[in-house]
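Both complexes shown next keep chain A, but they swap its partner, so chain B is in the first and chain C is in the second.
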Partner chain A sequence: MERLIFVLMRVVVTLKPGVQDPEGATITDSLQRIGFASVNRVTVGRHFDIEIPGRDEDRIRREVEKMCESLLVNPVLQDYHIERIQGPQPAG
Partner chain B sequence: MERLIFVLMRVVVTLKPGVQDPEGATITDSLQRIGFASVNRVTVGRHFDIEIPGRDEDRIRREVEKMCESLLVNPVLQDYHIERIQGPQPAG
Partner chain C sequence: MQFCVVTYPGSNCDRDCYHVIGEVLGEPVRYLRHWAEHVPRGTSCVVLPGGFSYGDYLRPGAIAARMPVTGAIEDFAAGGGLVLGICNGFQILCEAGLLPGSLIVNDHLAFSCLPVHVRVEGDPSPFTHSLKQGEVLRMPIAHRDGNYRPPSDGAQPQVALRYCSPAGELGEDYNPNGSQYSTAAITNERGNVMGMMPHPERCAESILGGEDGMRVLQSAVDWWKEVGSYGI
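After this line comes the complex of A and B, so read on.
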(Lines of atoms letter the chains of each structure in order from A and count residues from 1; the text may use other names and numbers.)
(Lines give C-alpha, C1' and ligand atoms only; values in the text may rest on other atoms or scores of the structure.)
Protein backbone atom coordinates (compact mmCIF):
# COMPACT_ATOMS: atom_id res chain seq x y z
CA MET A 1 0.00 0.00 0.00
CA GLU A 2 1.35 3.40 -1.01
CA ARG A 3 1.39 6.17 1.59
CA LEU A 4 0.29 9.63 0.51
CA ILE A 5 3.13 12.13 0.14
CA PHE A 6 2.56 15.69 1.38
CA VAL A 7 4.21 19.09 1.11
CA LEU A 8 3.71 21.71 3.83
CA MET A 9 3.78 25.29 2.49
CA ARG A 10 3.64 28.47 4.59
CA VAL A 11 2.02 31.66 3.30
CA VAL A 12 3.38 34.62 5.29
CA VAL A 13 1.06 37.65 5.11
CA THR A 14 2.13 41.16 6.13
CA LEU A 15 0.47 44.55 5.88
CA LYS A 16 1.68 46.70 2.99
CA PRO A 17 3.89 49.63 4.05
CA GLY A 18 1.72 52.58 5.08
CA VAL A 19 -1.36 50.52 6.01
CA GLN A 20 -2.54 51.29 9.54
CA ASP A 21 -1.79 48.56 12.08
CA PRO A 22 -3.77 49.35 15.26
CA GLU A 23 -3.00 45.97 16.83
CA GLY A 24 0.73 46.50 16.32
CA ALA A 25 0.47 50.00 17.82
CA THR A 26 -1.33 48.60 20.87
CA ILE A 27 1.32 45.91 21.37
CA THR A 28 4.13 48.47 20.98
CA ASP A 29 2.48 50.62 23.65
CA SER A 30 1.91 47.66 25.99
CA LEU A 31 5.52 46.46 25.69
CA GLN A 32 6.81 49.95 26.43
CA ARG A 33 4.56 50.25 29.50
CA ILE A 34 5.70 46.93 31.02
CA GLY A 35 9.36 47.85 30.79
CA PHE A 36 10.58 47.33 27.23
CA ALA A 37 11.07 51.05 26.75
CA SER A 38 13.46 50.68 23.83
CA VAL A 39 10.98 48.96 21.49
CA ASN A 40 10.55 51.27 18.54
CA ARG A 41 7.76 49.57 16.60
CA VAL A 42 5.86 46.28 16.40
CA THR A 43 3.86 45.19 13.37
CA VAL A 44 1.61 42.14 13.30
CA GLY A 45 1.19 39.59 10.53
CA ARG A 46 -0.16 36.11 10.10
CA HIS A 47 0.62 32.92 8.30
CA PHE A 48 -1.20 29.90 6.91
CA ASP A 49 0.45 26.47 6.92
CA ILE A 50 -1.11 24.45 4.10
CA GLU A 51 -0.69 20.68 3.75
CA ILE A 52 -1.18 19.50 0.18
CA PRO A 53 -0.63 16.04 -1.29
CA GLY A 54 1.92 15.73 -4.06
CA ARG A 55 5.63 15.74 -4.90
CA ASP A 56 5.84 18.49 -7.51
CA GLU A 57 6.80 21.60 -5.55
CA ASP A 58 6.44 23.97 -8.53
CA ARG A 59 2.89 22.82 -9.21
CA ILE A 60 1.99 23.03 -5.52
CA ARG A 61 3.48 26.52 -5.24
CA ARG A 62 1.35 27.69 -8.19
CA GLU A 63 -1.72 26.19 -6.54
CA VAL A 64 -0.94 28.00 -3.28
CA GLU A 65 -0.57 31.28 -5.20
CA LYS A 66 -4.08 30.75 -6.57
CA MET A 67 -5.36 30.16 -3.01
CA CYS A 68 -3.77 33.46 -1.94
CA GLU A 69 -5.43 35.34 -4.80
CA SER A 70 -8.80 33.63 -4.24
CA LEU A 71 -9.14 33.70 -0.48
CA LEU A 72 -6.16 34.09 1.81
CA VAL A 73 -4.75 37.52 0.94
CA ASN A 74 -6.32 40.95 0.44
CA PRO A 75 -4.09 42.45 -2.29
CA VAL A 76 -5.13 46.02 -1.50
CA LEU A 77 -3.83 45.88 2.06
CA GLN A 78 -1.51 42.88 2.26
CA ASP A 79 1.70 41.46 0.80
CA TYR A 80 2.60 37.78 0.99
CA HIS A 81 5.32 35.30 0.23
CA ILE A 82 5.37 31.50 0.15
CA GLU A 83 7.90 29.26 1.95
CA ARG A 84 8.29 25.50 1.83
CA ILE A 85 8.26 24.24 5.42
CA GLN A 86 8.38 20.45 5.00
CA GLY A 87 8.32 17.72 2.47
CA PRO A 88 7.67 16.07 0.17
CA GLN A 89 7.19 13.40 2.85
CA PRO A 90 4.54 11.01 4.16
CA ALA A 91 1.79 12.74 6.18
CA GLY A 92 2.67 13.00 9.88
CA MET B 1 25.29 63.24 13.99
CA GLU B 2 25.04 59.48 14.60
CA ARG B 3 22.03 57.66 13.17
CA LEU B 4 20.30 55.11 15.37
CA ILE B 5 20.98 51.48 14.39
CA PHE B 6 18.08 49.03 14.52
CA VAL B 7 17.54 45.27 14.36
CA LEU B 8 14.24 43.85 13.11
CA MET B 9 13.31 40.55 14.76
CA ARG B 10 10.33 38.34 13.89
CA VAL B 11 8.54 36.22 16.51
CA VAL B 12 6.65 33.43 14.72
CA VAL B 13 3.83 32.01 16.88
CA THR B 14 2.09 28.70 16.12
CA LEU B 15 -0.45 26.62 18.00
CA LYS B 16 0.99 23.65 19.86
CA PRO B 17 0.19 20.27 18.27
CA GLY B 18 -3.23 19.07 19.43
CA VAL B 19 -4.63 22.54 20.20
CA GLN B 20 -7.93 23.18 18.39
CA ASP B 21 -7.68 25.60 15.47
CA PRO B 22 -11.23 26.53 14.43
CA GLU B 23 -10.05 29.31 12.11
CA GLY B 24 -7.76 26.89 10.30
CA ALA B 25 -10.59 24.36 9.99
CA THR B 26 -12.88 27.04 8.51
CA ILE B 27 -10.24 28.07 5.97
CA THR B 28 -9.59 24.43 5.01
CA ASP B 29 -13.31 23.97 4.44
CA SER B 30 -13.62 27.21 2.43
CA LEU B 31 -10.67 26.34 0.18
CA GLN B 32 -12.11 22.90 -0.51
CA ARG B 33 -15.51 24.39 -1.37
CA ILE B 34 -14.09 26.91 -3.88
CA GLY B 35 -12.22 24.24 -5.81
CA PHE B 36 -9.00 23.38 -3.95
CA ALA B 37 -10.29 19.92 -3.17
CA SER B 38 -6.86 18.44 -2.50
CA VAL B 39 -6.02 20.69 0.49
CA ASN B 40 -5.60 18.38 3.42
CA ARG B 41 -5.24 20.84 6.30
CA VAL B 42 -4.60 24.52 6.99
CA THR B 43 -3.38 25.86 10.31
CA VAL B 44 -3.16 29.53 11.19
CA GLY B 45 -0.40 31.35 13.05
CA ARG B 46 0.79 34.88 13.54
CA HIS B 47 3.98 36.84 13.80
CA PHE B 48 5.26 40.00 15.41
CA ASP B 49 7.97 42.09 13.69
CA ILE B 50 9.79 44.02 16.40
CA GLU B 51 12.16 46.91 15.69
CA ILE B 52 14.67 47.45 18.48
CA PRO B 53 17.64 49.79 18.58
CA GLY B 54 21.08 48.25 19.04
CA ARG B 55 23.79 46.20 17.38
CA ASP B 56 24.18 43.26 19.77
CA GLU B 57 21.97 40.55 18.29
CA ASP B 58 22.41 38.15 21.24
CA ARG B 59 21.27 40.78 23.74
CA ILE B 60 18.33 41.77 21.53
CA ARG B 61 17.31 38.14 21.07
CA ARG B 62 17.26 37.65 24.85
CA GLU B 63 15.13 40.78 25.23
CA VAL B 64 12.67 39.51 22.60
CA GLU B 65 12.46 36.17 24.47
CA LYS B 66 11.45 38.13 27.59
CA MET B 67 8.77 39.97 25.57
CA CYS B 68 7.40 36.61 24.43
CA GLU B 69 7.24 35.30 27.98
CA SER B 70 5.73 38.55 29.31
CA LEU B 71 3.14 39.40 26.69
CA LEU B 72 3.33 37.98 23.18
CA VAL B 73 2.99 34.22 23.65
CA ASN B 74 0.62 32.00 25.66
CA PRO B 75 2.92 29.11 26.63
CA VAL B 76 0.01 26.77 27.38
CA LEU B 77 -1.35 26.92 23.84
CA GLN B 78 1.43 28.32 21.66
CA ASP B 79 4.99 27.64 20.51
CA TYR B 80 7.26 30.32 19.10
CA HIS B 81 10.62 30.90 17.49
CA ILE B 82 12.60 34.05 16.78
CA GLU B 83 14.15 35.02 13.41
CA ARG B 84 16.33 37.96 12.54
CA ILE B 85 14.72 39.73 9.56
CA GLN B 86 16.95 42.78 9.09
CA GLY B 87 19.89 44.59 10.53
CA PRO B 88 21.71 45.89 12.34
CA GLN B 89 21.12 48.88 10.08
CA PRO B 90 19.92 52.48 10.24
CA ALA B 91 16.15 52.85 10.75
CA GLY B 92 14.26 52.90 7.45
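After this line comes the complex of A and C, so read on.
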Protein backbone atom coordinates (compact mmCIF):
# COMPACT_ATOMS: atom_id res chain seq x y z
CA MET A 1 0.00 0.00 0.00
CA GLU A 2 1.36 3.44 -1.01
CA ARG A 3 2.20 5.76 1.91
CA LEU A 4 0.61 9.20 2.02
CA ILE A 5 2.94 11.97 0.89
CA PHE A 6 2.87 15.33 2.71
CA VAL A 7 4.30 18.82 2.39
CA LEU A 8 4.95 20.80 5.58
CA MET A 9 4.48 24.55 5.31
CA ARG A 10 5.18 27.11 7.99
CA VAL A 11 3.20 30.36 8.15
CA VAL A 12 5.04 33.10 10.06
CA VAL A 13 2.77 35.91 11.27
CA THR A 14 4.24 39.21 12.41
CA LEU A 15 2.79 42.56 13.37
CA LYS A 16 2.77 45.21 10.67
CA PRO A 17 5.34 47.97 11.21
CA GLY A 18 3.91 50.68 13.45
CA VAL A 19 1.32 48.47 15.16
CA GLN A 20 1.57 48.78 18.93
CA ASP A 21 3.18 45.64 20.41
CA PRO A 22 2.82 45.79 24.22
CA GLU A 23 4.08 42.23 24.59
CA GLY A 24 7.21 42.93 22.55
CA ALA A 25 7.82 46.15 24.48
CA THR A 26 7.55 44.31 27.81
CA ILE A 27 9.95 41.58 26.68
CA THR A 28 12.40 44.20 25.37
CA ASP A 29 12.26 45.97 28.73
CA SER A 30 12.70 42.71 30.65
CA LEU A 31 15.73 41.62 28.60
CA GLN A 32 17.34 44.99 29.16
CA ARG A 33 16.63 44.83 32.89
CA ILE A 34 18.29 41.44 33.30
CA GLY A 35 21.46 42.63 31.64
CA PHE A 36 20.99 42.34 27.86
CA ALA A 37 21.61 46.02 27.31
CA SER A 38 22.35 45.42 23.63
CA VAL A 39 18.71 44.59 22.86
CA ASN A 40 17.14 47.37 20.88
CA ARG A 41 13.73 45.93 20.16
CA VAL A 42 11.85 42.63 20.31
CA THR A 43 8.67 42.06 18.35
CA VAL A 44 6.39 39.10 18.93
CA GLY A 45 4.85 36.93 16.25
CA ARG A 46 3.73 33.35 15.94
CA HIS A 47 3.94 30.51 13.49
CA PHE A 48 1.70 27.72 12.28
CA ASP A 49 3.09 24.47 10.86
CA ILE A 50 0.61 23.02 8.41
CA GLU A 51 0.90 19.52 6.99
CA ILE A 52 -0.98 18.98 3.74
CA PRO A 53 -1.14 15.80 1.69
CA GLY A 54 0.15 16.05 -1.86
CA ARG A 55 3.24 16.63 -3.97
CA ASP A 56 2.37 19.85 -5.81
CA GLU A 57 4.06 22.51 -3.71
CA ASP A 58 2.71 25.44 -5.73
CA ARG A 59 -0.86 24.28 -5.29
CA ILE A 60 -0.28 23.67 -1.58
CA ARG A 61 1.29 27.10 -1.14
CA ARG A 62 -1.74 28.73 -2.80
CA GLU A 63 -4.03 26.79 -0.49
CA VAL A 64 -2.06 27.97 2.54
CA GLU A 65 -2.27 31.57 1.28
CA LYS A 66 -6.04 31.19 1.19
CA MET A 67 -5.98 29.91 4.78
CA CYS A 68 -4.02 32.98 5.81
CA GLU A 69 -6.47 35.32 4.16
CA SER A 70 -9.52 33.47 5.47
CA LEU A 71 -8.56 32.90 9.09
CA LEU A 72 -4.95 32.79 10.19
CA VAL A 73 -4.01 36.44 9.65
CA ASN A 74 -5.77 39.66 10.64
CA PRO A 75 -4.86 41.96 7.74
CA VAL A 76 -5.57 45.06 9.85
CA LEU A 77 -2.64 44.28 12.13
CA GLN A 78 -0.55 41.48 10.73
CA ASP A 79 1.75 40.51 7.86
CA TYR A 80 2.71 36.94 7.01
CA HIS A 81 5.02 34.85 4.91
CA ILE A 82 5.05 31.17 4.07
CA GLU A 83 8.12 28.92 4.31
CA ARG A 84 8.43 25.39 3.06
CA ILE A 85 9.74 23.32 5.94
CA GLN A 86 9.68 19.87 4.33
CA GLY A 87 9.14 18.91 0.72
CA PRO A 88 6.99 16.00 -0.36
CA GLN A 89 7.77 13.06 1.89
CA PRO A 90 5.96 10.34 3.78
CA ALA A 91 4.27 11.56 6.93
CA GLY A 92 6.51 11.19 9.97
CA MET B 1 -38.89 44.54 19.85
CA GLN B 2 -37.47 41.07 19.30
CA PHE B 3 -33.90 40.49 20.51
CA CYS B 4 -31.62 37.53 19.85
CA VAL B 5 -28.59 36.71 21.99
CA VAL B 6 -25.93 34.67 20.19
CA THR B 7 -24.24 31.80 22.00
CA TYR B 8 -20.89 30.64 20.65
CA PRO B 9 -18.91 27.90 22.36
CA GLY B 10 -17.17 29.83 25.14
CA SER B 11 -19.60 32.75 25.36
CA ASN B 12 -20.20 33.39 29.05
CA CYS B 13 -22.32 36.54 29.24
CA ASP B 14 -25.14 35.17 27.09
CA ARG B 15 -27.38 34.32 30.05
CA ASP B 16 -26.78 37.71 31.66
CA CYS B 17 -27.80 39.45 28.43
CA TYR B 18 -30.82 37.16 28.04
CA HIS B 19 -31.90 37.91 31.62
CA VAL B 20 -31.47 41.67 31.33
CA ILE B 21 -33.27 41.94 28.00
CA GLY B 22 -36.12 39.65 29.00
CA GLU B 23 -36.59 40.45 32.67
CA VAL B 24 -35.30 44.00 33.14
CA LEU B 25 -35.83 45.60 29.74
CA GLY B 26 -38.97 43.51 29.30
CA GLU B 27 -38.54 42.76 25.60
CA PRO B 28 -38.91 39.38 23.90
CA VAL B 29 -35.61 37.55 23.59
CA ARG B 30 -34.36 34.23 22.28
CA TYR B 31 -31.01 32.51 21.91
CA LEU B 32 -29.33 32.10 18.55
CA ARG B 33 -26.80 29.28 18.31
CA HIS B 34 -23.49 29.46 16.51
CA TRP B 35 -24.53 27.01 13.82
CA ALA B 36 -27.65 29.00 12.83
CA GLU B 37 -27.62 30.05 9.19
CA HIS B 38 -30.32 32.72 9.48
CA VAL B 39 -31.35 35.36 11.97
CA PRO B 40 -35.02 34.56 12.77
CA ARG B 41 -37.56 36.64 10.87
CA GLY B 42 -38.94 39.48 12.98
CA THR B 43 -35.69 40.06 14.88
CA SER B 44 -34.84 43.72 15.48
CA CYS B 45 -31.59 43.43 17.43
CA VAL B 46 -28.89 40.78 17.71
CA VAL B 47 -26.58 40.89 20.73
CA LEU B 48 -23.15 39.22 20.61
CA PRO B 49 -22.28 38.70 24.27
CA GLY B 50 -18.98 38.71 26.10
CA GLY B 51 -16.92 35.67 26.94
CA PHE B 52 -14.11 33.68 25.42
CA SER B 53 -15.56 32.28 22.21
CA TYR B 54 -13.49 29.33 21.00
CA GLY B 55 -11.18 29.81 23.98
CA ASP B 56 -9.81 33.07 22.53
CA TYR B 57 -7.65 30.77 20.37
CA LEU B 58 -5.83 32.28 17.39
CA ARG B 59 -7.06 35.83 18.14
CA PRO B 60 -10.04 36.83 20.32
CA GLY B 61 -13.15 36.57 18.17
CA ALA B 62 -11.31 35.25 15.10
CA ILE B 63 -12.91 31.82 14.93
CA ALA B 64 -16.40 32.97 15.96
CA ALA B 65 -16.23 35.55 13.17
CA ARG B 66 -16.05 32.72 10.61
CA MET B 67 -19.02 30.70 11.94
CA PRO B 68 -22.27 30.47 9.96
CA VAL B 69 -24.27 32.61 12.40
CA THR B 70 -21.83 35.49 11.99
CA GLY B 71 -22.41 35.46 8.23
CA ALA B 72 -26.15 35.53 8.93
CA ILE B 73 -25.64 38.52 11.26
CA GLU B 74 -23.73 40.28 8.50
CA ASP B 75 -26.74 39.89 6.18
CA PHE B 76 -29.05 41.01 8.97
CA ALA B 77 -26.95 44.15 9.57
CA ALA B 78 -26.84 44.88 5.83
CA GLY B 79 -30.64 44.88 5.92
CA GLY B 80 -30.66 47.53 8.66
CA GLY B 81 -31.02 45.28 11.71
CA LEU B 82 -29.41 46.43 14.95
CA VAL B 83 -26.31 44.56 16.13
CA LEU B 84 -24.62 45.10 19.49
CA GLY B 85 -21.33 43.39 20.30
CA ILE B 86 -20.23 43.50 23.92
CA CYS B 87 -16.60 42.80 24.83
CA ASN B 88 -15.83 39.51 23.03
CA GLY B 89 -18.81 40.39 20.82
CA PHE B 90 -17.01 43.62 19.85
CA GLN B 91 -13.88 41.60 19.04
CA ILE B 92 -15.96 39.25 16.87
CA LEU B 93 -17.54 42.17 14.96
CA CYS B 94 -14.08 43.61 14.21
CA GLU B 95 -12.74 40.22 13.11
CA ALA B 96 -15.80 39.74 10.89
CA GLY B 97 -15.28 43.13 9.28
CA LEU B 98 -18.63 44.49 10.46
CA LEU B 99 -16.73 47.14 12.37
CA PRO B 100 -13.45 48.76 11.30
CA GLY B 101 -10.18 48.27 13.12
CA SER B 102 -9.10 45.75 15.69
CA LEU B 103 -8.73 45.10 19.42
CA ILE B 104 -5.30 44.09 20.66
CA VAL B 105 -3.92 43.21 24.07
CA ASN B 106 -4.18 45.94 26.74
CA ASP B 107 -1.09 48.14 26.85
CA HIS B 108 -0.27 46.90 30.38
CA LEU B 109 -0.79 43.24 29.30
CA ALA B 110 -3.07 42.45 32.25
CA PHE B 111 -6.72 41.49 32.42
CA SER B 112 -8.66 44.55 33.60
CA CYS B 113 -11.81 44.03 35.63
CA LEU B 114 -13.07 47.32 37.10
CA PRO B 115 -15.74 49.98 36.79
CA VAL B 116 -14.93 52.77 34.33
CA HIS B 117 -16.58 55.97 33.17
CA VAL B 118 -17.41 56.54 29.52
CA ARG B 119 -18.53 59.69 27.75
CA VAL B 120 -21.19 59.69 25.05
CA GLU B 121 -19.80 61.06 21.79
CA GLY B 122 -21.58 62.84 18.99
CA ASP B 123 -22.00 60.38 16.14
CA PRO B 124 -25.63 59.27 15.99
CA SER B 125 -26.50 55.64 16.64
CA PRO B 126 -29.60 53.81 17.85
CA PHE B 127 -27.58 52.68 20.88
CA THR B 128 -26.94 56.25 22.03
CA HIS B 129 -30.20 57.69 20.66
CA SER B 130 -31.67 58.50 24.11
CA LEU B 131 -28.39 59.70 25.60
CA LYS B 132 -27.03 63.24 25.49
CA GLN B 133 -23.70 64.04 23.91
CA GLY B 134 -21.13 64.50 26.68
CA GLU B 135 -23.13 62.51 29.21
CA VAL B 136 -21.03 60.22 31.44
CA LEU B 137 -22.01 56.62 32.21
CA ARG B 138 -20.40 54.23 34.70
CA MET B 139 -20.03 50.63 33.55
CA PRO B 140 -17.74 47.70 34.32
CA ILE B 141 -15.09 46.36 31.96
CA ALA B 142 -13.55 42.86 32.07
CA HIS B 143 -11.05 42.12 29.31
CA ARG B 144 -7.43 41.56 28.33
CA ASP B 145 -7.79 42.54 24.67
CA GLY B 146 -9.60 45.86 24.62
CA ASN B 147 -6.94 48.13 23.19
CA TYR B 148 -8.68 49.55 20.13
CA ARG B 149 -6.64 50.20 17.01
CA PRO B 150 -8.25 51.89 13.99
CA PRO B 151 -7.71 50.49 10.50
CA SER B 152 -4.26 51.00 9.01
CA ASP B 153 -5.68 52.93 6.03
CA GLY B 154 -6.07 55.95 8.32
CA ALA B 155 -9.88 55.90 8.25
CA GLN B 156 -11.31 57.22 11.50
CA PRO B 157 -14.06 55.14 13.05
CA GLN B 158 -17.27 56.60 14.43
CA VAL B 159 -16.73 56.65 18.16
CA ALA B 160 -19.81 56.22 20.34
CA LEU B 161 -18.20 56.11 23.79
CA ARG B 162 -14.81 57.17 25.13
CA TYR B 163 -13.20 56.34 28.47
CA CYS B 164 -13.14 59.42 30.68
CA SER B 165 -13.01 60.74 34.24
CA PRO B 166 -16.20 60.85 36.34
CA ALA B 167 -16.51 64.47 35.18
CA GLY B 168 -16.11 63.53 31.51
CA GLU B 169 -12.49 64.58 30.93
CA LEU B 170 -10.34 62.49 28.59
CA GLY B 171 -6.83 61.49 29.54
CA GLU B 172 -4.36 58.62 29.88
CA ASP B 173 -5.25 58.24 33.56
CA TYR B 174 -8.81 57.29 32.60
CA ASN B 175 -7.95 55.02 29.68
CA PRO B 176 -7.86 51.46 31.09
CA ASN B 177 -6.25 49.68 28.15
CA GLY B 178 -4.35 52.08 25.88
CA SER B 179 -7.12 52.37 23.27
CA GLN B 180 -6.43 54.96 20.63
CA TYR B 181 -8.28 58.18 21.44
CA SER B 182 -9.70 56.49 24.58
CA THR B 183 -12.14 54.55 22.40
CA ALA B 184 -14.60 52.39 24.38
CA ALA B 185 -17.27 51.86 21.70
CA ILE B 186 -17.55 52.41 17.96
CA THR B 187 -20.29 52.06 15.38
CA ASN B 188 -20.25 51.34 11.69
CA GLU B 189 -20.88 54.25 9.33
CA ARG B 190 -24.60 53.57 9.24
CA GLY B 191 -24.76 53.45 13.05
CA ASN B 192 -26.77 50.21 13.29
CA VAL B 193 -23.80 48.08 14.38
CA MET B 194 -22.07 48.97 17.64
CA GLY B 195 -19.22 47.30 19.51
CA MET B 196 -18.43 48.23 23.09
CA MET B 197 -15.92 46.93 25.61
CA PRO B 198 -17.90 47.86 28.78
CA HIS B 199 -20.63 45.45 29.87
CA PRO B 200 -24.08 47.11 29.97
CA GLU B 201 -25.71 43.85 31.07
CA ARG B 202 -23.63 43.87 34.27
CA CYS B 203 -24.99 47.25 35.37
CA ALA B 204 -28.64 47.10 34.47
CA GLU B 205 -30.07 46.62 37.95
CA SER B 206 -29.47 48.75 41.06
CA ILE B 207 -28.84 45.60 43.13
CA LEU B 208 -25.72 45.07 41.00
CA GLY B 209 -24.41 48.54 41.72
CA GLY B 210 -25.68 50.58 38.79
CA GLU B 211 -28.25 50.94 36.07
CA ASP B 212 -26.35 52.88 33.43
CA GLY B 213 -26.12 49.84 31.18
CA MET B 214 -29.88 49.86 30.85
CA ARG B 215 -29.70 53.28 29.25
CA VAL B 216 -27.76 51.87 26.29
CA LEU B 217 -30.19 48.99 25.82
CA GLN B 218 -33.20 51.25 26.38
CA SER B 219 -31.83 53.61 23.72
CA ALA B 220 -31.99 50.86 21.15
CA VAL B 221 -35.61 50.12 22.12
CA ASP B 222 -36.58 53.82 22.05
CA TRP B 223 -34.93 54.24 18.68
CA TRP B 224 -36.65 51.18 17.28
CA LYS B 225 -40.06 52.40 18.43
CA GLU B 226 -39.52 55.92 17.09
CA VAL B 227 -37.51 55.36 13.94
CA GLY B 228 -36.84 51.68 13.39
CA SER B 229 -40.00 50.80 11.54
CA TYR B 230 -38.90 53.25 8.80
CA GLY B 231 -35.51 51.58 8.47
CA ILE B 232 -32.15 53.12 9.10
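Just so it is clear, the second predicted complex is superposed on the first by the 92 of 92 C-alpha atoms of A that agree within 3 Å, B and C clash if a C-alpha of one lies under 4 Å from a C-alpha of the other, contacts with A are read in each partner's own complex, and residues count from 1 in each chain.
As a working rule, a contact is a pair of C-beta atoms (placed from the backbone, for glycine too) under 8 Å apart; a residue touches a chain by one contact, two chains touch by 3 or more.
Because the structure is a prediction, the values reported are computed rather than measured.
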item: Contacts of A:H81 with chain B and chain C, given as first, second, both or neither; value: neither
item: Chain B versus chain C as contact partner of A:R41, first or second or both or neither; value: first
item: Contacts of A:R59 with chain B and chain C, given as first, second, both or neither; value: neither
item: Contacts of A:M67 with chain B and chain C, given as first, second, both or neither; value: first
item: Chain C versus chain B, contacts on chain A by residue; value: B
item: Partner chain in contact with A:S30 - chain B first, chain C second, else both or neither; value: first
item: Touched partner set for A:K16, first chain B, second chain C, both or neither; value: second
item: Which superposed partner A:D49 touches (first chain B, second chain C, both, neither); value: first
item: Chain B versus chain C as contact partner of A:F6, first or second or both or neither; value: first
item: Common ground on chain A, meaning residues reached by chain C in one complex and by chain B in the other; value: 70-72
item: Chain B residues within the chain A interface of the complex; value: 6, 12, 14, 24, 27, 30-31, 34, 36, 38-54, 63, 66-67, 70-72, 91
item: Residues of chain C touching chain A in the complex; value: 58-59, 62-63, 66, 94-95, 101-102, 104-109, 147, 149, 151-152, 178
item: For the chain A and chain C complex, residues of the former touching the latter; value: 16, 18-20, 22-23, 26, 70-72, 74, 76-77
